[in-house]
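Structures incoming, each one as C-alpha cells.
One chain, chain A, links the two complexes that follow: it is found with chain B in the first and with chain C in the second.
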Partner chain A sequence: MTYRAATVAGLTTNIFFGLLRASVLLALLNAQRVNGWDSNDAVTYVVLTQAIMMFVSIFGWTDLMNAVYRGEIATDLLRPMGLFGFWFAQDVGRALAALLLRGVTILVISSLLFHIKIPSSVAQFLALLLSMLLALTISFAIRFIYNLSAFWSPDARGFARFVSVIGTFASGFLMPLRFFPDWMQQILNFTPFPHIMNTIIEIYVGSISGNQVLEALLVQTLWAALLVVLAQIILSRASKRLVILGG
Partner chain B sequence: MVSFRHHLELYSRLLGAQLRSQMQYRLGFVLDLISTMLFTATEFGAFVLVFQRFPSIGGWKLEEVAFLYGMVEISFGLMDMVFAGFDPPAFAQYIRKGTLDQFLLRPSSLLIQVFGSDFTLRRIGRIALAIGILVYAFNTNHVVWNLEKWLFLPLVVLGMILFFGGLFMIGATITFWTVESSETMNIFTYGGGYLMSYPMNIYSDWLRKIFTFVVPAIFLNYYPALFFLSKPDPFGMPYFVHFLAPFVGIAVFWFAVQYWKFGLTHYQSTGN
Partner chain C sequence: MIQVQNLSKHFSVRNPQKGNFSLLKNFVSRDSRILKAVDDVSFKVNRGEIVGYLGPNGAGKSTTIKMLTGLLVPTSGHLEVNGFVPWKSRQAYVSRIGAVFGQRSTLWWDLPVIESLELLQFIYKIPSATFKQNLEHFTKILGLDEFLNSPARSLSLGQRMRADLCAALLHNPDLLFLDEPTIGLDVVAKERIREFILHINATQETTVVLTTHDLADVQKLCKRAMIIDHGKLLFDGALETLQTRFGGLRQLVVDFALPYADLEVEGANLVSRDGNRAVYAFSREQLSASELIRRLSERFSIQDISVLEPDIEATIRLIYEQNLLGAT
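Moving on to the complex of A and B:
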C-alpha cells in the first residue's frame, strides 16, 4: 500500500510538471509552427521527456561513488567480472524497470489527457528502441566516469551535480534543442549530451526520417563506443590507485 | 519563559556551527556554489535562448518574464537556505534516524533547533544570479520607482519566502504520520515556483482557478508584477489584490505553524 501511494504521488507530480511545461511551450508557439514543430509536436516532446527522464537518469546518479566512499567497492572488485559491466547490468535493470513501470504508465495516462503522437511504422519503432539503448549506454558511461572521480577527490558529489545540471540543459530536457538558435545547436552537437535525449525525441516525433535517422544512430553509436572505452581507461587508472587495507 | 534573545543567540550559534562545517571542504563548497548558480543559469538560459524564435509568451516580453522569474528565484533561494531543516525529504530522515527525538529531549525550542539543523549556504550562488536577473528586468522594463514600490518590493519577497517556507513546514509535518516524505508536496513547492515564474494567463482556466482560490499563488508574484510593470489585469479582480502578497504569505505560514503544532502532539517516535 505504501508503495502504491508513493507510485500514485510520483505519477501525479510527473504529469503535473508535464502540464506546466506544455503550457509554457504552447503559449510560446501560440498555434504557430516554428522550425518544423507545431503544438502537437511540442506536447509530444513534453510527454516523452517526462516519460524517459528516469530511464536515462537525467538528474544524475551517485550509487557508485557512495560505494567508493563507504569502501564497499572492495567487494565489487573481487567479483569475477569487470566493474563497468557489473554496474551497467544493474543500471540497465533499473532503467528498464523505470521505463516499464513509470514511463509507459505516464505515456498511457498522458495520451488519454492530451493528443500526442505515436510512432507510425515498425522501422521507426525499431530505430527508437535502438536509440534508447544507445542513449542509456551514453548516459551510463558519463555517470560512471564522474562517479569514478571519487577515487581521486572527496568532492565527487559536486562534480556529479555539475554534470547533471549541464546535462538537463544540453540533452534537450529543459527546452527542445530544436527551438534553440542554430549556433547553440551546433555547439551542443559537439557534445554527447543531445544523444541522451534529443535524438530519441527527434526519432519519436518523426522530425527526422530515413537517412537522417541512420546518421543519427551512427553518431550515437560512435559516442557510446568512445565513452565506454574512455570509462574503461579511467577505471583501470582508478583501480591502480586503490589501496585496500585489512580484510 | 525563555526570552526571545536567548532563542536568537541559540540560533546564531547553531548557524555558526553550520557555516563553519560547510566551509571545511573549500573545493566542494565552491563546486556546490557554482552548480546552484548553474542550475538557475541553465534553466533561465534555456528559456532566453528559445525566446529568440518567439515574439512573446501570453503577451509578455522576455524582460517582463525575467521579473517574474527573478522574484521567484530570489525568494525560493532564500527560503531554501533558511528552511533547509524543514525540507521534507531531509526532515523525514530526522524522524527515521531519531534525530527528532534528540531535539525533543533537549531543553530548547524545537523550531529553533530544526531551523538551526541545516542552512544551505551554497544557495547564495543561485540567489546572486537571481538578483542579477531581477536587476536586468528593472533596467529593461523602465520601472518608475517611488517610495511605495521600494517599500512593497521586500514585502513581496517576504510573502513568497513565508509561502514556500510554510509549504516546506506542511510537508515536514506530514512526515510525522507517514515517516516517508511524499512527492506530492513537490507539486506545490517546486511546481508552484515554476508556475509563478510565468504569466498566469498562459495556464488553462481550471489550473489558474486552483492556484487562485485553493492555493492562492497568483497573488504572490503575478499580481505584484502587474503592479510593478504597470500592466493591466486580464482577470478583472478588485484592485487591492495587487497588494495581497505579504498577507497571503503570512496566512499560509501561520496555518503551517498551527499544523506543525497539531502534528507534533500526534508524533510517535519510530523507536530506535
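Moving on to the complex of A and C:
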C-alpha cells in the first residue's frame, strides 16, 4: 500500500489528540456526573468521536471545489453519470477506508488504555450502523453543497472553512452537546449538524434508547433526504453556469 | 452528424482598475466588457469525416469543443449533434461520444489502468462482450500490455495518452473529440496515435473532430480543415485548398561550400544570408523544390540543404493579418 506512512502518521495524531481530549474532559468532570454522563461515558465519547471524525470528514472537504477550480470537473461531466452519485460513491469508499483503517484501530488501541463502553445489543448495533450511514449522507450532502459554491465564487474556500468550523462545534465534536445549556441544544436541533455526530454518540453510549432511538433515526432520515434533494437542485443550477478554466 | 448554426459564446470579463487603491476599486467595480470567445460560427460535419479544427491559442477552439461536448451552454445560436442538444441532455449525449483532452486524463490517478477501464465499462454500461473485444483489440494496436497493471500516475506521457485514447473509445462512440492529442509526444508516439485514429475512423466510421498545433497531425489525418481566430470561422474547406491558396512561401535553406558573391537565382527570393548560409523563399505553384535545387547546384557547390514547409500557425496568421478571405 502506497499510503501506509500517511495512514500511520494520521493514526498517531488521532490517538495523541484523543488522549489529550480525554484527559481534559476527565479533569473537568472530576468524577462527577454531568447531565447524566459519568467519566466512563465521557471517555467513550472522546474515543468514539476520534474514531469517526475522518469517517464523516468533520474538518471539511474541498476535493470537488478543487476539481472545479482546476477544470478537472470537465472530465467528470464528459461521462454519462450524475455528479452527485459519482462523488458520493467516491466519498463512501473514502469513508469506509477511514473507518476500517483508522476508526477500528483507534477503538482497539484505546480500549487497551481505558475502559470503554461497547454496544450491548444487536438492535443497538444495527441502529448505530444505520445512524452512521445517514450521518455520512448528511455530512456529504452538506459538503457537496458548499463545494458547489465554487461555481459562483472564484474562491469559496473561506466559505467552506466557515461551515466546517460551525460543523465541528454544532455536531458535538468539540464538546458533547448535552453539556451545553438547554437553549443552545434546542437551537442546534433545528440544524442538521447534530445528526453528523451527536446522534451516533447518543446511540453508542446508550443515553437514548427504544423509541427515542427510532425518533432520532427518523429525524436523521428526513434531514438526509432534504439535503440530498437540495444538493440536486443547486447542482442543476450550477452546471448551467459552468465555466471550465484552462485548456 | 454535427450541425452548428450562428453559434456564439460570450463571456463577461471585468476590466481591471488601475491607479491608486486599485485593489479596492477592483472589488467594487462593475465595469466589464464582453469577450466574444466564439462569434457567429456555422458549420456541418458529416458522419465518418475527420475534421481539423485549427487556430492560434485563445482563438476559440476549446470553447467550441466545450460547447460541442455539452460542457458549456452557448450564449446564442443553434447546436445539434447526433440528434441531441448537448447541454440539454448531457448524460444521454455523452454516452455516445468520446473525448480526449491532451492536457487532462480521464484515468484515475491511483488506480491501475485496467481498473480505470473496468470502471468505465461500468459507467458507460458497456456489454462485457463488446468491452472484452475492444480492450483486446486496442491493447494490441496501442501496445498497452506493458503498463495495463501500472497505476496511471506512473505512466509516461505517451503511455498515458494511449491509455486515454483506449478509454475514450471502449464504448464505440459515434463521435470522437480530440483536443491536442499529440501534445508533448515524441515522433514515434505521435505516429502511433495517428495510425490508431485513422484505423478507428476507417473501421468504425467514427467521426473525429481534432484540434492541434501540429501541422503533421492535420496533414496525416484530415481532408478538411476549419480555421478559427478571434472567435470567427475564417476558413472551412479542403486542406489542399488551404495550403495551395494560403500556404505562404516555402523556404529553402542552403549551406554553400564556398563564399559566393552573387547568390540570386531565378524564381526564388533571397530572404537572408549569413556567411555561407542563405535562405530562399519560393512559392509552391511557381517552382518545385527539386527544380530550385537543380538551378542552384548548376551554379554553386552546395554542402547542405533543407526545405521548410510553412507551418500552420504562420498560415493562419497570414490569413488573418492579410484578411485573405475577405470580410467574413
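Note that in this section the second predicted complex is superposed on the first by the 234 of 247 C-alpha atoms of A that agree within 3 Å, B and C clash if a C-alpha of one lies under 4 Å from a C-alpha of the other, contacts with A are read in each partner's own complex, and residues count from 1 in each chain.
Please note the rule applied: contacts are C-beta pairs under 8 Å (C-beta built on N, C-alpha and C of every residue); 3 or more make two chains touch, one makes a residue touch a chain.
Remember, it's a predicted structure, so these values are computed and weren't measured experimentally.
Touch criterion not met for A:L112: it reaches neither chain B nor chain C. Look at A:L77: by the touch rule set out above, it reaches chain C but stays clear of chain B. In the overlay built on the shared chain, the residue A:K240 is in contact with chain C alone; chain B does not reach it. In the superposition on chain A, contact of A:V122 is made with neither chain B nor chain C.
After overlaying the two complexes on the shared chain, residue contacts for A:S23 are found with chain B alone; chain C is out of touch. Number of chain A residues touched is higher for B, counting chain B against chain C.
Look at A:L174: by the touch rule set out above, it reaches chain B but stays clear of chain C. Once the two complexes are overlaid on chain A, the chain A residues touched by chain B in the first and by chain C in the second are 2.
Contacts from chain A toward chain C in the complex involve residues 2, 71-72, 74-75, 77-82, 239-244, 246-247.
Within the complex formed with chain A, the residues of chain B that make contact are 25, 27-28, 31-32, 34-35, 38-39, 42-43, 45-47, 49-54, 57-58, 180, 182-184, 186-187, 191, 194-195, 198, 202-204, 207. Residues 11, 62, 66, 69-73, 90-92, 94-95, 97, 99, 101, 103-106, 110, 120, 123-124, 179 of chain C are the ones that touch chain A when the two sit in their complex. Residues of chain A that touch chain B in their complex: 2, 5-6, 9-10, 12-13, 16-17, 19-20, 23-24, 26-30, 34-35, 153-155, 157-159, 161-162, 165-166, 168-169, 174-176, 179-181, 184.
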